[in-house]
Every structure is written in structure tokens, then in C-alpha cells.
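Listed after this line are the structures, all set down as C-alpha cells.
What follows is a pair of complexes built around subunit A, which joins subunit B in one and subunit C in the other.
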Partner chain A sequence: MSRTIVIGGGADALVAAQVLARGGHEVMVIESRAASAEEGWTPAKVLRALELEPVELQWPEPWLSAPLPAGGRLELWRDVARSVESIRCVSPKDAERWPEFCERMAKLARFLESVYSEAPPDPLSPRFALRARRLGRRGLEDLLRILPMPVAELLDDWFENDVLKGLLGAAGVQHIMQGPRSAGTAFRFLHHHVGSPTGVFRPPRSNVIELLRRLPRVELQNTEVLHIAVRAGSVVGVVLKDGRELDADIVVSSIEPRRTLVELVEPGWLDPELVRALRYVRRRGVAARIRLQLDRSPGFSALALAPSLDYLERAYDDAKHGRVSREPYLEATCDAQHRMEVLVQYVPYKQKAVSLEGRVLGVLGEHWGEARPTHTEFLSPRELEEFEGWPEGQPHHAELSLDQALWMRPLPELARYRAPLPGLWLCGPAMHPGAGIAGASGFHCAHAILGR
Partner chain B sequence: MASSYELSHEREYHAIRSAAALLDVSPLYKYRVRGKDAARLLHLVVTRSVEDMKVGQVGYTPWCDAAGKVLDDGTIARLGEREFRMTAAEPNLRWLEDNAVGLDVSVEDVSDSLAALALQGPASRIILEEIDLKYFRIADTTFRGIPVQVSRTGYTGDLGFELWVRKERALALWDALIEAGTPYGIVPAGMLALDVARIEAGLMLIDVDYVPARKALIDSQTSSPFELDLAWTVNLQKERFVGREALAAEAARGPQWQFVGVEIEWQSLERLYAEVGLATRLPATAWRTSVPIYSGGEQAGYATSGGWSPLLKKYVALAHLQSKWAAPGTGLEIEITVEHRRKRAGARVVKKPFFDPERKRG
Partner chain C sequence: MASYDAVVIGAGHNSLVCAAYLARAGRKVLVVERRERIGGAAVTEEVFPGFRFSVFSYVVSLLRPEIIRELELPRHGLHILPLESTFTPLPDGNYLAQWNDHDQNRRELARHSLRDAEAYDEFGLMLHQMARAVKPLLAMAPPDPTSLSFGDLMGMKRLGEHFRGLGVKRFSMLTKLLTMSSADFLDEWFESEPLKATKSASGIIGTLLGPRSPGTAYVLLHHYMGELDGVFRAWGFAKGGNGSVTAAIAGAAQAAGAEIRTAAPVAQVLVKHGRARGVLLDDGEEIGAKLVVSGADPRRTFLGLVGEQHLPGPFVDSIRRFRFRGSSAKVNLALGELPDFAALPGRGPHLRGAVSISPSVDYLERAYDEAKYGEYSKRPYMDIVIPSLLDPQMAPPGKHVMSIFVQYAPYQLNGGWTDARREAFGDTVVDTLAQYAPNLKNAILHRQVVTPADIERIVGLSEGNIFQGELSLQQMFFLRPVPAWAKYRTPVSALWQCGAGTHPGGGVMGASGRNAAMQILGRS
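Then we have the complex of A and B:
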């Protein structure tokens, strides 16, 4: 029976641990911090394999709204017809196109879902080509055209209303150091659509983490791994912060690959060429997070302040030159207990972002009526790195862009979950599919270990 | 580096072997490696053991990529517990930095700020005021008031030293050495003379005798240290260094190629020229081309540099031979072009170095 240690407490680590435990491994999970409920979808295959239930995926209703210049709000609902009604108030033309747009995008998202439900495809394999062919001519054309496209151009193709385009375009740039006119942001837009119903372009919140924690079979240890022990070129266990040494035949790390391979493994075991490539994996955090408690309902469940694609692009322009956006893109969601979480983008990692919190609360205050915050917590990317373990504040560990996706995630040499050190394996947000797809990379990694 | 300071390199060559020659070897790449993990970094990069080098010791070593193929070769001088200087033929700063990730060490390129002069030949010690320095050692000293580091190293296979000096003092040092050496027949020497000397000494030259792995266009152009007769520099006892796994595997199965000395037989050569009515012709300078070597109908390998040794009165070459033909004494044939026609002259595998004087180490 293999002794296996899984490092990290996120969905990927827990899924990998469960799959391996069921495959006959003796598994211990070592987490330094309990992961908070994760945003994102989990492939049905993973849920079935671990018999996770009842899975609850939640979207706010409406899933997003945005203030209109003339007053009132544009509201987008799960119900496509209801969204059409709301869009009609700003643009009858756009309202007319909405159902078809949703259908076309959903078809591509379903394709990505099927790709994400398996280990990264081999670009040379006929199976991959066959699967893409199943999209049909128009679907395949859409896919090849849209993946490398700037999200702004995709939306300009379909719609005329700035507020609608800003609200949708924001999905293409969330958590990436790119603006809506950067190439490849349409892929990001589709990525955030994955797992959501037709017409919903934001990822859900799920209870998968809680369900995973309730599962038996796996020993959980709350401590930190200082380094991964290697002897004669093979992984033999881990050394903990408290000095304890744990032996293992297999170590699975869901921590970011650069940290795993460059910091946790002693220098000299890896090909320096790989170490160099790892140093160039992009992982820039771009968003600050504010959590606050309001004394009453703000009058919305989800609100985006990104009134146009130009607005988003200007916000990015500041960040491109290393500054905090003078007018950042904000997106706030609020639950029934009036707990609000706000994404503030762009905030470059190196910036201290002083006074940003006050400015953001001032702007939001114009939209939440009589509500007052009773408690606030502002975390810049640097603080998110410290408290959440996100490298440079990047929640996806490696930015998800076309060149760091699929069989190139995070690097072609690592994409198969096997690190170039016998006994060491990688999963987590930086591994395919990662980036907000909860548990899938852990599932694929565990299957690779089990040789399935 | 100058090819020659005179119309012909011959006097420069004879100065190396019978008096003293001064060579400007400043074009070497030089790196200062300092910090707590300095020894650890170099230990990881090169094939030899560095951690057990003593302060004041110098070591020659190649270093490899992860596939165990030679990237470059040079010397490492331990200047202090936490300070080394590495010399290289090619730029290696990025490679050192890539290997230094996670280590507490700084790597500084001192190629421009540090000059190097090689004083080589039997009179070199007396010119340096009878300096007492063992083979492959380095020490701080002054020469006529100029602070220098002197190492007992070189590329001639003779008694000789290399002097390391801040570039601002380099010209003054050159002049001082010429002045001090003139009574002993010192001569400035260039690459043509050095080429003959280093072939006699059996020392390989990058880009000539081997293709560094980084420049190889196809795998078969690369060489492992074993294939370059550098097995003595590969310390597989070290737990890790770049290329260790590949080299351990190669050591277990034995290298396919060997890098050997070849002597071309005079009588065979003379006969080839006599057949066309000519006296035997010898190359005026060392050559650096690939020349096929045969064993009967098969090609056993190829020579990569060779030339006439004026001192030994022998026509010698450095060659890569497939292992089964590489044993000393093996009789082979080497291609020689005589009056525009390709002929084969008899040749024999011999032990390197061709020339190995007692004074080199003594």
C-alpha cells in the first residue's frame, strides 16, 4: 500500500486524496490553512466518482446587475426571457440577439466542460480532433475564431449597449493582467461560463469543499510543509515546519508549481532549464478583495461597476503601467446575511493600494442606499498572497491564458501532473483545468498516479 | 586573442617551450561567485567535487546540461571559504543564475573588469621571481608593485602561470612582465603558437574538438565528459549535479566514443608524397578541421585538430574514435590530401599528452 501525502487543503487536494484513498493508498492531507468555500464548478464525473451530494451550486438572482446612466439597473437573470426584458429597456436590438448569443456561447462552454472533465488532451491525438469535430462546422469555426479573440471584439460583434458589454466583458478579464482588448480574453469569458446554465456568465459558488471535508478515509493534518525530502533523485517524504519528518512513497502538491518545485524541493534536483521556465510562468495577481458586513440589504444581490468596455480598458491601462486603476472595475455580491464580497480590479501586486478601500466604499455607497458597513476587511494582492496562499495574489496560481492552458498548463513539461522527480505529482489551480474549476485537476492527477 | 605578434608564429611557439611567452587570455569569461552557498552552487553545476576544494586550490572541470552533455569547460579557483572564480570559454552567467535559484549566492560577471595574462614556458618561474606555487594553486601577491593573483595554470602543458589583475593595471603588468622577462627571452605569443602547444599537451578546444551542447544542432553533435576523455572529472559520488543521472547511466554502459591522441606515421606519409614525386609536406600551422580516420573499410572516427610538433618532430592529432578502436597502439589510417587527391596515411593511437615535461608539475 502506497503511503501518500497530499499538500494543501483546497478542493483539488481533497479530491486527489479521496480518489487515491479509494485506489488503495494510505493518504494524509497536510493543510496550512483551511480553504474557504470555492467559487466554481466541479465536473459531474468527479461528483459521481466521490458520490458527493447534495451539491449546491448557487448564483445570485439576478446573477448580475449594473446601474444605468439614466437611472435604474440592467439586470441579467438565469431566465433568459427575463434578461431579454431587462435588456430591451436599453437596446431592443441587443435584447433580440441575447438568446442566440447565449446558445452559441453555451455550446462552446459545453465543449470546454468536456475538455476539462479529462486530463489535458494530446494535441496530436485523433481523439481530440474528433471531439472538436463534434461541435459541427459552425461550432468549430466559432471556437477557433473566438478562443484567441479579444472579448471586446466578440461583444462588439453581437451587441451595441455599453453597459451590457461592460458587464459581460468584465468576465473576460477577471483575475488576469489583460484588458478587454487583449487577445485571448474571449477564451477567459468562455472559461467563466463553464459549468453555468445558458445565459449565466459568472461561475457559481458551491458547497463541494464542505462535502469533501465530511468524507472519511483521509487523515487531515493542520500544519505546514517546510520542504519535500528527496533522496537519490526520488521523493521520500516531507519535512514539516515543526521539524517532524513524514515518510511517503508519493507526494502530491496542490501548492503552486513554482513554489513546490523551486522552494519546497532543494535546489539541484531539477533541470535548470525547467527551473528557468517555471520562473517565467505568469502568475500576477490583479485584484484586491473587500469583505464587509452590512447592517441591511444593499438592494442588490450582485452588482458590477464596469459601465463600458472602454472603462475596463482604461482601468487596465493604469495597471499596464504599474499603477492602481484610478477608476477600478468593481464587482460586488451579497448574500442573505448581508455579507458582501467585492472584487477590486486592477490592483498590481507591487502596489500598496493605500486609500483604495475608502474610495471603493465611497463609490459602492452610492449604490447600496441606506445600508452601512459594520465591519470591513480589505486585502490587497500582497495580503491575499499572505493570507490565502495565492502567489502574487493570483487565485489561479498560474494565470489562465491560452499559452498557459490545456497541455501547456502551466508548462508543457508539467502538464501531465507528473513532476520530473520520481514520486512527486502536481495538482491545484495551476494545473489543467484549474483556474476556478474545483477538484478537477486533483481528480485527473490522482488518476494519472493510479495509472488509469 | 591575437593570432600572432610576428609574421610567423614559430618563434612564439619555441618561446613557450624553451623560454617564456606572454599571452593575453583576458577574453576568457570570468565569474565571481560569492556567498554562503557559493560552493554549493558550483558543486551543483560542475561534474567535479567543489565542496571539498581547499582555499587556494584551482580545478579544471567541464559542466553539463541535464542530458549529461558538455556545455563548456574551464577552471574554478577557490579564493575563500565563500568565494570562487570560474573561467569559461562561453558566456555562462545565465546558466549559473538558473542554477542559483533558491541559493544564497551572488554571481558577478567580471569578464570585463578583470584581465588575465598567461606567462608560460620554462623560464616563467624565474621571471616571477622564483615564485613558490604548486601546480593548480592560486595565491595573492604583487609583481613589481602591482597587486595580482597568480595561479599555476595554463593551456600549454608546460611550466606556466596565469596572472589575474584589475583591468586598470593590466597594461602596466604586461610591460613589467616583458621587462622582467626580456633577459630570459620572453616573447608575446598568440593563438597560432598556443594551438600547437595545446595539441602537444592533448588539451581540447571548445568549438574545435567538441561542440558545446547549447550550440549543437543535432544530438549526435553533443559530447559527454566520458567521450572527451574527462571521466576523471566526473564525480558520481556527489549526490546531485546537473546531468548526474545521465552520466551515471553512461558510466554503467560505457561511452561509445573516446577522445584520443593519434600519431601519423612518417614513413607512410613520406611514401604518399614520394608517389607523386614530392618531398613530404607538413602543415605550417595547426589545423582545425574534421578529418576521417579509418580502420580498413570502416570509418573508425575523425580527428578534429592536428599539426606538426616541432619539438617532438611528430605529426600528431586529437581524434574522436569509436571505443573499439580507441586503445593505445591501435593501427588506423587517416585521410591526407596529397596533390589534390585523397589518400590514407598510416596512424596509430597513442597516449595523451604527446608532450608532458616534468617541469609542468615539478
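Then we have the complex of A and C:
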């Protein structure tokens, strides 16, 4: 029986721990902070294997709304027909195209779901080619054409209304240091559609992590790993912050790979070329987060302030040149208890973002009527790094761009979850499919360990 | 009604290459050109008395060596003079030069960064390998991964084997080149700003993208593909200007029996029962042909010359979606004396190569920012050559011609291009350059400014895009110009396309023309 230590407490770590425990490993999970509820979808395969239920995926209804220049709001609902009605008020032409757009995008998202339900594909294998072919001629053309596109071009191909395009385009740039006119952002748009119903282009909130924490078989320890112990070229355990040493045959880290390999492993055990490559894995945080408690309902469940693609692009321009966006893209979601979470983008990691909180609340205040915040908490990317453990404030650990996706995630030589040190394995958001697909990378990693 | 085996529309380099191959295979070929002169965008014109300019395209970098060889272009007058350096003056009075001479180059790079000097050779080797990996694709009609035909399946299989043969490391490097931004890609190799900027500049040419936009790294490769065939010195100036390149190809075509008619604008492609029968000229003359090959860009060919009524609806939609977005302009100067750069005064060897105004990646990115919102760059990127230094026949004795390639000058300028805007833009270019070469303004005898709108009007390239359509990932290979019609065929039988709007497109390469001819002749 292998003694296995899993580092980190997110969905990926917990799934890996569970799968390994069921595979006969004696597993301990070491988490330094309780993971907050995660957004994202979990492949059915993972849910089935761990018999997780009842899984609840939640989207606000409408899943997103945006103020219109002439007053009123554009509202997008799970019900495609209801969205059509709302879009019709701003553009009858766009309303007419909405159902077909949703259907074409859903088809591609379903394909990505199947790809995400397995370890990264070998792009040159006939098996992968056959699977892609199942999309049919138009689906495959859509896929190959859309993946490398800027999301702005994709949306320009379909729609004319700025508010609609801004609101959709935002899904392509969330948490990445790119604007909607950058190539590859259409892929991210699809990525954020994965796991959502047709016509919903935001990831769900899920209770998977709570379900995972309730499962037996795995010991949870709340402490911090100081480093991973290596002897004679093999991993032999971990050393904890309090000085305790724990032996293990296998260590699985869900912490970001650069930190795992360069900081937690003693230097000298790794190929310098790999260390160099790791240094260039991009992981720039670009968003700040505000959490607030309102005294009453703000009158919306989800609101995006990104009135056009140009607005997003200009917000990015500031960040590209090292500044906080003068007019940031904001997206606020509010639950039944009037707890609101606001994404504020772009805020570069190196910026202090003084006075940003006040500005954002001022802007949002125009949209929430009589509601007043009773409590607010503002976290810049730097603070998110500290409190959430996100490197440079990047929740995906490694930016999800085309060159850091699939069999390239985060680096081609690490994409199979095995670190180049016997006994050390990697999972977490930085590993395929990572980035908001809760638990999948832990599942694939555990399967690789079990040799399945 | 005269009858030919093939009538080729346009006398740009790809059309002429295609015509030459068809004629050599014994076909009776006619090339019809709208302008008074052949050459398309590769022309030499005496714009001002005594001063001859490669008005549009100005260097030869990618002309396929097999075309030079098979069409015996040197025998028809092609003579390429090598470019020896790239000189990047900097605002602080320093400069960066890259030389063909290895040791000299290393010394110069080490002056800026020892690390960069160390990395340079390895970088060159890597790109060389990548260029080798891509090269076989250039001469291939791209197989369609969505098709189940035997030919396409075999093509995909061959392609798969080719990539597999590269090994994991090289294949991932190639994927990175295709998907990364040139700025990010170069960040992994170099630290010196002017070096990164000058190299990344080659990634933005002809597109409306900035160096930090993913997808721009691939174009870096093009430079190395030119150098790859070093024996042919395929990177340099054509003696006599770029018009002599097309003149040589035309010479080869005519020697093989092709006819060329200039001042013969095509009004439409004659289509009957879904089949091309010939062309109708503006003056009403009909020319019958067994097949028609269009060297015009996809928009002009299908929406202009063929007409929607002869094409399937989804195909028309795809052609409408094909993006042009011309972003480059030319400023051609007749000079009374050579420019004197403050960073490196005098008439040194640096003037015999390219001069690049690209001091930092941020500079290029800012130039792009303005173009994104429909303004021309106030501080543009420039690639400058002085052909008269290498080829004295380009200018009167003691005088010079300077060719300035400028980016960004968006076709979709807010308010549109007017004569006043054109000249204001010309002033911006001269003012920017004069900051580095203070004597420039007084040295200018004449100035010609060519905007994307001018390129469209004069040469017929839609939106002035120099590649007949952006070379972005979603418009390349089997997606160029549209999926399922990337193999030079069109939905109209007996109508073919051979321009840069097809794979592999872009630059004075000729590969599209040759590939089209091979497909027409049934050799692939």
C-alpha cells in the first residue's frame, strides 16, 4: 500500500486523494487554507467515479444582465427564447441569430467537455482526429477556425449590438492579460461555456467541493508544507512548517508547478532547462475582487459593465502599459443573502490600485438603487496571491492561452501530470484541463498514478 | 472569340508564376492585366524623373528557390543583391545593429546584453529547424481535415507523419510559434529591448495586430525561411527594383509561349451552367478559355468578377468574412543626399541594409493601439531601405531613393483617407524619421505617400492588404481563403485561384502560383 500525500485543498487535490484512496493508497491531504467555493463544472465521469451527489450547479437568473445606454437592461436567460425577447429590444437581427449562435457554440463546448474529461490528447493521434471528426464537417470547421480567433472577430461575425458583444466578449478575456482583439480569446470564450447549458456563457457555481470534503477515507491536515523531501533522486515525503517530517512514496501537488518544482523541491534536482521553461510559464493576475454585503437586494443577480468590445479593449490597453484600467470591466453577482462578489479587471499584479475600490463602488452604486453596503472587502491581485494562494493573483495558476492549453499545459514536458522526479505528481488549475474545471486534473492525475 | 487553354487574371507575381508553369506544360495561356504594366504590387516605376522606386513591395525574401530554379529566373534577368544588416537607431542616441557577419554581430549584441549574444546562435538554430519543419507545407495543397476523400485522408496522414517525425520537442516549439505573441516568444530568449522589438516587428508586418497579440510569432519564421535557402541569396534587393522580379517571371512565361496583355481590365468571369468559360473585358471583348485562373484576391475574384449569383450562399458568407484590414503604407523619398543618423553618423555599411525604427516592444504596441481605433500611428514602425546604394541605376548620380515601409496605417481610417490625411501621414513619417536622422528633411527632393487606400485603388488589393488577406491563424493553411476551398479550386468548375489569398500566401513568394499550376496540371 502506497503512502501518498496530496498538497493543497482545492477540488483537484481532493478528487486526486479520493481516487487514490479508492485505488488502495493511504492518503493524507495537507491544506494550508480551506479552499473557497469554486466556480466551475466537473465532468460527469468524475462525479460518477466518486459517487458525488447531489451535485448542484447554479447560475443566476438571468445569468447576466447589462445596463443599456437608453435605460433598462439587456438580460440573458437560460431560456434561449427569453433571451431572444430581451435581445430583440436592442437588435432584431441579433435576436434572430441568437439561437443558431448558441447551438453552434454549444456543439463546440460539448466537444471540449469530452476533451476535458480525459488526460490531454495526443494531437497527432488518429484517435483524436476521429473524435474531432464526430463534430461533422461544419462543427470541425467551426472548431479549427474559432479556436485561434480573437473573440471580437467571432462576435463581429455574428452580432451588431455593442452591449451584447461586450457582455459576451468579456467571457473571452476574464482572467487573462489579453484584450478581445487578441487571438485565442475565442477559445477562452468557449472554455467558459464548457459545462453550461446552451445559451449560457458563464461557468456555474458548484457545491462539488463541499461534497468532496464530506467524503471519508482521506485524512485532512491543516498545516503548510515547507518543502518536498527528495533523497537519491526520488521523492520521500514532505517537511512541514512546524518541522515535522512525513514519509510518503508519492507526493501529489496541486500547488502551481513553478512553486512546486522550483520552491518546494530543493534546487539541484531538476534539469536547468525545465527550470528555465517554468520561469516563462505566464501566470499574470489581472483582476481584483471585491466582496460586499448589501443591506437589501441590488435588483439584479448578475450584472456586467463592459458596454462594448472597444471598452474592453481600452481597459486592456491600460493594463498592457502597466496601469490599472481607468474604466475597468466589472462583473457583479449577488446571491439571495445579498452577498455580492465583483470582478474588477484589469488590475495588473504590480499595481497598488489605491482608490480603485471607492471608484468601483461608486460606479456600481448607480445600478443597485437603494441598497447600501454594510461590509466590503477588496483584494488586489497581490492580496489574492497572499490569501488564496494564486500566483501573481492568477486563479488559473497558469494563464489559459492556446500555447498553455491541452498537451501544452502548462509545459509539454509536464502535461502528463508526472514531474521529472520519481514519486512527484502534479494536478491543480495549472494542469489540463484546469482553469475552472473543478476536479478534472486531479482525476486525470490520479489515474496516471494508478497506471490506468 | 479567341480561345485559350487558360486565361489568367492579373499579372502579379503569382499569376505570372502560374502562367509560366502552365505554358511550360504546353498550355496555350493568356495573362490579362488591368494596369498598363505588369507586376501587380511588385513593380518598379520612375515616379520622379531619374528616380526609380519599388513602389509597393520592396525586398525579395521568400521567393521559392524551386521557382527560381525551374523557371531559370536568373537567365531572365533576376539578380538579387543581399541585404547585409539591420540597423535600429534608438532615441537615446545609441543603436543596435545586426550583421550578417557572425563575429561582428556577436560583438554588437554583447554591447547590449551578453546573455542575448549567447542566446542568439541557439535562437537562430531553433528558428532554422522550425523553418525546415514548415517548408514542406509551403509547396503542398493543404489537405482538408474535414473531408473524407481519399486524397485528403492521405494528405492528413502524410501531414501527421511529418509532424510526428519532428519529435515532441520540435512539434511543441512549432505549436508555440503558431499560438504565441512574438513579444512573449522573444521574451523567452532575449532581454534587450531593441533586439526584441526589431525581431518582433517582422511578426506584425501586413496585419492589424500588435506584437503582444498571440499569433504574431509565426511570422517571425518567414524571415528565416528566406535565409534558409542561403545559396540563392533569397533575402535582399532585386537589382532594378522589385519590378525586375516580375519582369523575369514574365520573361520565363513568355519564353514558354504565354501571351501577356496589359491595359486589359477584366469586367467579369464568364460563367455558364456553373462552369467558367472565359472572361469579359471592360471594353466588351470576350476571351474564351477552357479554364480561368484568378490571381486577384478572394473578395475581388468572387464578389467582384464572378458574382454571388454563381456561388453557393455559405461560400459567399465565408468570403465576406475573410479579413483584409490593410495596415501598411509606403513612403518613397527621392533624396539629394544620404540620411545621416545621429546614432551612427556618416555613410557606413549600416545604410546598405535595412534601417528599422523599432526601439522597443512598447513603442510598436503603442503604434498599434492607435490603429486599433482607426487612427494612423503618430510614432509608427518603419522598415527602411536605400536601394540606390546597392544599385546605382535607381537614382541619378549622387542622389538616392529611400523606401519606407510604415505601419500602422489602417485602411479603415476614421473619416477615411483623403489627400490631406495622406500628406499629414507623410509628414508624421518624415518627422519621426528626422528625429533619428536630422538632415533628412532638407535632403528630400520628392515624396510619394502610398496609403492602403492607394494600394487598393492602384494595384487592386482589397483594403490594401499586402498579403491579399490577413495571415492570421484562422485564415491560414486549409482555411485560406475559406475551408473546403483551399486547394486552389473554386465552387465554379474550371475557375481556379492562384493569388496570395490562397495557401501559403504573403510576400513575393510565388508558392501560391506554383501550387495552383501543379493542381491544375494534376501534379501534386
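We adopt the following convention: the second predicted complex is superposed on the first by the 452 of 452 C-alpha atoms of A that agree within 3 Å, B and C clash if a C-alpha of one lies under 4 Å from a C-alpha of the other, contacts with A are read in each partner's own complex, and residues count from 1 in each chain.
Criterion: a residue touches a chain if its C-beta (ideal position, glycine included) is under 8 Å from a C-beta of that chain, and two chains touch if they have at least 3 such contacts.
In this text the structure is predicted, and so the values were computed from the model without any measurement.
A.B. asks: Putting subunit B and subunit C on the same copy of subunit A, do they fit or clash?
C.D. replies: Superposition result for subunit B and subunit C: fit.
A.B. asks: Regarding the shared-chain residue A:D271, is it in contact with subunit B (first), subunit C (second), both, or neither?
C.D. replies: first
A.B. asks: Regarding the shared-chain residue A:M28, is it in contact with subunit B (first), subunit C (second), both, or neither?
C.D. replies: Neither partner.
A.B. asks: Tell me which partner A:I146 touches in the superposition: subunit B (first), subunit C (second), both or neither.
C.D. replies: After superposition on chain A, A:I146 lies in contact with subunit C alone.
A.B. asks: With both structures superposed, pick whichever of subunit B and subunit C touches the larger number of subunit A residues.
C.D. replies: Between subunit B and subunit C, C touches the greater number of residues in subunit A.
A.B. asks: Touching A:S401 in the superposition: subunit B (first), subunit C (second), both, neither?
C.D. replies: second
A.B. asks: Hey, in the superposed model, what angle do you get at subunit A between subunit B and subunit C, Cα centres, nearest 10 degrees?
C.D. replies: About 60 degrees, rounded to the nearest 10.
A.B. asks: Between subunit B and subunit C, whom does A:V262 touch in the aligned arrangement: first, second, both, or neither?
C.D. replies: Touch status of A:V262: first partner only.
A.B. asks: Just checking: does A:P412 make contact with subunit B only, subunit C only, both, or neither of them? Give me first, second, both or neither.
C.D. replies: Touch partner of A:P412: subunit C, not subunit B.
A.B. asks: Pick out the closest CA atoms of subunit B and subunit C after fitting on chain A and give their distance in Å.
C.D. replies: It is 6 Å, taken between the nearest C-alpha atoms.
A.B. asks: List the residues of subunit A that touch subunit B in one complex and subunit C in the other.
C.D. replies: Residues common to the subunit A contacts of subunit C and of subunit B do not exist here, since the sets are disjoint.
A.B. asks: Touching subunit B in the complex: which residues of subunit A?
C.D. replies: Per the touch definition, subunit A meets subunit B at residues 232-233, 262-263, 266-269, 271-273, 275-276, 279.
A.B. asks: Within their complex, state which residues of subunit B touch subunit A.
C.D. replies: 40, 44, 65-66, 94-95, 98-103, 239-242, 244-245
A.B. asks: List the residues on subunit A that touch subunit C in their complex, please.
C.D. replies: Contacts found on subunit A: 123-124, 126, 129, 132-133, 137, 140-141, 144-146, 148-150, 153, 157, 178, 181-184, 280, 282, 310, 313, 317, 320-321, 401-403, 407-408, 412.
A.B. asks: In the complex of these two chains, what residues of subunit C are touching subunit A?
C.D. replies: Going by the criterion above, the answer is residues 145-147, 156, 160, 163-164, 168-169, 171-172, 175-176, 178-181, 184, 187-188, 209, 212-215, 321, 323, 362, 365-366, 369, 372-373, 472-474, 479, 483-484.
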